[in-house]
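Contents: one structure, followed by commentary.
Letters A, B and C mark the chains as written, and numbering starts fresh at 1 in each.
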Amino acid sequence: MIQQHEIVLPSFSRGFHPITGIIERNLPELPETGILHLFLRHTSAALTINENADPDVAKDLGYAVDKIAPENDPGYIHTIEGPDDMPAHIKSSILSVSLTIPITNGRISMGTWQGIFLCEFRNNGGRRRITATVYR
Amino acid sequence: MIQQHEIVLPSFSRGFHPITGIIERNLPELPETGILHLFLRHTSAALTINENADPDVAKDLGYAVDKIAPENDPGYIHTIEGPDDMPAHIKSSILSVSLTIPITNGRISMGTWQGIFLCEFRNNGGRRRITATVYR
Amino acid sequence: MIQQHEIVLPSFSRGFHPITGIIERNLPELPETGILHLFLRHTSAALTINENADPDVAKDLGYAVDKIAPENDPGYIHTIEGPDDMPAHIKSSILSVSLTIPITNGRISMGTWQGIFLCEFRNNGGRRRITATVYR
């Protein structure tokens, strides 16, 4: 049995932002055992799971992906939407737009240090939409 | 309820190729609500979701992954299958071989600008096989 | 119908380690057709699928991710847990902590050359836990 739900995030600045709480508050009642699938409907942002304890980890993740896909690389052809755009597409494919997470005892079940992050790669990305699918 | 289906793609040249239409034409009738899982059965190619509008994005994605995993790196040990082989394995793990996508109103449901791409990392990769699983 | 199962891996040294056999031996009887979801409950390791034949591929994958997220980058802020820690978080987001794999004819169904790997990014990561979910 499958339930689907659309979640519209608030606007976030460029960077990695913890959204586990927002996701949990916007889901219907979860089954005892199941799977949660989150699908971000955009090509210049991503979803990832990483350390939720020290906020510096999120900053360093942003720094690291900026190095992997730098702005103003003279090799880029697709430059018309600004210097942050093509790097955003590259980072989106590297980190990916979907997550699949176990549901156990009626809750999203991750490891002690894990949290869900929206990775906003644009300077002004606006509100991002996620399709959440729960199956049991 | 689960249905599985094998899709054999045509041969593609090295690069990122839009395959949303091929996938849609080769799926059985989809449920109203569900999930589509695509699994590429290879280790030197990948699947990704990215911008489907400007074909230059696909070219720049190819350029970007070539920089991240360059050919002829003197640090590689596994070189016997040619200079494009080990970089292809690296890119395959970075972008991954599977996608999970919502099905809504009987159709694959992605964002306005999103499309599915085969990422062919070999110079002569041949025909690639995907196992498509639909669950409702 | 969903079944969930926790798998505790043995301690592995830093590097990419084939674990397909361990996973198979620790799963309950699989359905004829279905999906296996593996979720690694950690932020400094990852799961990936790659070539299972030549062990040099795993070595080169480790070399490649060390180059993508090098140690001792002066830009990192989160350095208190040692020089291997922040690079481990970066690699974990790049390769991701979960895999979804088809089940066909009662078995995990991957391509001829594909195997499941634990990517251990810490020098002393200890025993890692995976939540395995099977749905049919």
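The rule is short, and it goes like this: a residue touches a chain if its C-beta (ideal position, glycine included) is under 8 Å from a C-beta of that chain, and two chains touch if they have at least 3 such contacts.
It should be emphasised that the depicted structure is a prediction, and the values quoted were computed from it without experimental measurement.
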(request) Give the rotation angle, in degrees and rounded to the nearest 5, that superposes the C-alpha atoms of chain B onto those of its identical copy chain C. (result) 120
(message) If more than half of the interface residue numbers appear on both sides, call it same; otherwise different. Which is it for chain A and chain C?
(response) different
(message) Rounded to a whole Å, what is the gap between the Cα centroids of chain A and chain C?
(response) 20
(request) Scan chain B for residues touching two or more other chains and write them down. (result) 68, 94, 96, 100, 135
(message) If we count contacts the way the header does, which residues on chain A are in touch with chain B in the complex?
(response) 2-4, 37, 39-43, 68-69, 73, 75-78, 86, 89-90, 92-94, 96-98, 100, 129, 131, 133, 135
(request) Name, in rising order, each residue of chain A that touches chain C in their complex. (result) 33-35, 48-51, 54, 56-57, 59-61, 63-64, 67-68, 94-96, 99-102, 104, 109-114, 135-136
